[in-house]
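One structure is given below, encoded as structure tokens.
Chain lettering (A, B, C and D) follows the sequence in which the chains are written, and residue indices restart at 1 in each chain.
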Amino acid sequence: MTSTGLDKGALTPAQFLEIDSAASVVRGGGGPSAEALLHLAIVNGVGAGAVLHTHSVWSTVLSGSHALHGGIALEGYEMLKGLEGVRTHKHREWLPILENSQDMVELGARVSQTLEADRGIHGFLLKEHGLYTWGVGLREAKRHVEILEFLMEVLVRSGAAQSA
Amino acid sequence: MTSTGLDKGALTPAQFLEIDSAASVVRGGGGPSAEALLHLAIVNGVGAGAVLHTHSVWSTVLSGSHALHGGIALEGYEMLKGLEGVRTHKHREWLPILENSQDMVELGARVSQTLEADRGIHGFLLKEHGLYTWGVGLREAKRHVEILEFLMEVLVRSGAAQSA
Amino acid sequence: MTSTGLDKGALTPAQFLEIDSAASVVRGGGGPSAEALLHLAIVNGVGAGAVLHTHSVWSTVLSGSHALHGGIALEGYEMLKGLEGVRTHKHREWLPILENSQDMVELGARVSQTLEADRGIHGFLLKEHGLYTWGVGLREAKRHVEILEFLMEVLVRSGAAQSA
Amino acid sequence: MTSTGLDKGALTPAQFLEIDSAASVVRGGGGPSAEALLHLAIVNGVGAGAVLHTHSVWSTVLSGSHALHGGIALEGYEMLKGLEGVRTHKHREWLPILENSQDMVELGARVSQTLEADRGIHGFLLKEHGLYTWGVGLREAKRHVEILEFLMEVLVRSGAAQSA
């Protein structure tokens, strides 16, 4: 985690901190970001070794236009094979969209429920907020960011933003 | 301020100048940009320590397509929390659009009226011209540019340019 | 070819390998990518000295929106003159779209048939997968990537993604 | 000018050549690009000291979608003030679109007629080919490229590509 309230473009190694499974700081200074509880919900829910969170234009647009459907179905794309365990473009990936919230306890509980209900997903969106994805390690989590962001850009440029 | 009529991609430190509250040059050479009066109207109107002005494609597109509505309502976006004092994505930010003008005295007066009428705004658009935003210092003003430009890109990519 | 399963952004020279016309590795370690058979089908079908394959957003969008037409007609663009042997913008380039498959033997056979049937083409798309193009050498193949990707971006930005 | 048939991304100073008013090479090797006659038509028609020609996605899209109107009217944009001699955003700039041709003598004559008929323009488009603009020197011509490309991007992103 990084300490809360920092400019993400000007981080130094000293501003990264380590937390335990109760979100208490083990190493480093400053408080953890409020979203630490979401990261922990994911670590506990799917056994992830790395969790990444992005705020992209594509995820903001799509999570707004598809919120009423509760998620986005990704199917038929070769790039899906970049997701861990996926072997064919015929795979149907469900990317749930959760209503955003500033109450991290409440939102963390909904994240846990989603991970419980939608087994096998590789990420989810918070509405008009951004993407959460994960992996066994940082390399896999980063690959999932690249794949999911690529596919969301494809959907928006295919006109999915206006059609919903 | 920078001196007027310079290529913004080739500025040297010597070409930045200092003006006083009457737009007279205190330090540096050349005349101030004609828009100095707008910067002063903002400094006086909201007590800003830094004022930034950008000419982006996104602000040009949106300020044209939404001019008839007098402004753009930004609501529901997590990124709104990057604006000073905003604590939740449920915040409704009003981004007024002012008719553009080459008469800086007249336009400066309208800017002052807008700042008076729309308390709490973090920026405004000049129609088919660009964005003005500010902060207590340069860091905050720069963050406001990033947030507002991000949200305008989201709106255009969501189809807001064609719907208006 | 590169060995299969590698991060394309972190390749080292040692990870490039040489294969023969039966897709057996002649030099270098690791297995060849599964798509080696497609590269060989192109080398054999058109006598190419270099084959390039890209996964772009533009080709993914267009190959999906135009799949029902079996391909994309490119005509009237000056940029077409960047394709080998094309002398005028009035040239009509046919860019076939093939259904994607994970069965490389079956897909390789369809690629060979397409190259046989559509003489004179400079590339083809795999649906929601990407572009294959080629040249007598790497420089020409790279130029064909640039030209075809440029024209696909033009088509998407012209609204071709939504109209299909 | 540069010699014809070169990769524009790998030019060396030696590959630039000087031509006279009859398009004969005065300094440097290789033949001039076929479009030398268009450059000369502009130099003669408006007394330009520098002529620039670009192949952008935006100009390709817009020159196709607006070809039937014979050109594009740009009006109301603050950025217009970046064009030489323009003092207000209320200026109406006419950007003619000429049918493309591979016959440079014929096309050069049409360019000369356009420059004669549309006094005061700062550039023109060749349909689905690109932009020509100019200036008294390279700096002004480059500024005109930036301004016109910016405004064409604004038009496409405003939905002008689909509406025509």
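What we mean here is this: a contact is a pair of C-beta atoms (placed from the backbone, for glycine too) under 8 Å apart; a residue touches a chain by one contact, two chains touch by 3 or more.
What you see is a predicted model; the values in this text were computed from it and never measured.
Common neighbours of chain A and chain D (chains touching each): B, C. Chain D is reached from chain B by a rotation of 90°, derived from superposing Cα atoms (nearest 5).
Counting the residue numbers used at the interface between chain C and chain D, under half appear in both copies, so the two copies meet with largely different residues. Ranking all chains by how far their C-alpha centres lie from the centre of chain C, first place goes to B.
In this assembly, the C-alpha centroid of chain A lies 32 Å from the C-alpha centroid of chain B.
Distance between chain B and chain C, defined via averaged C-alpha coordinates, is recorded as 46 Å. Residues of chain D in contact with at least two other chains: 162. Remark: the chains found to touch one another pair up as A-B, A-C, B-D, C-D.
Listing the residues of chain B that touch chain D in their complex gives 7, 55, 57-58, 60-61, 64-65, 100, 102, 126-130, 156, 161-162. Those residues of chain B that touch chain A in the complex are listed here as 76-79, 87-89, 139, 143, 150, 153-154, 157-159, 162.
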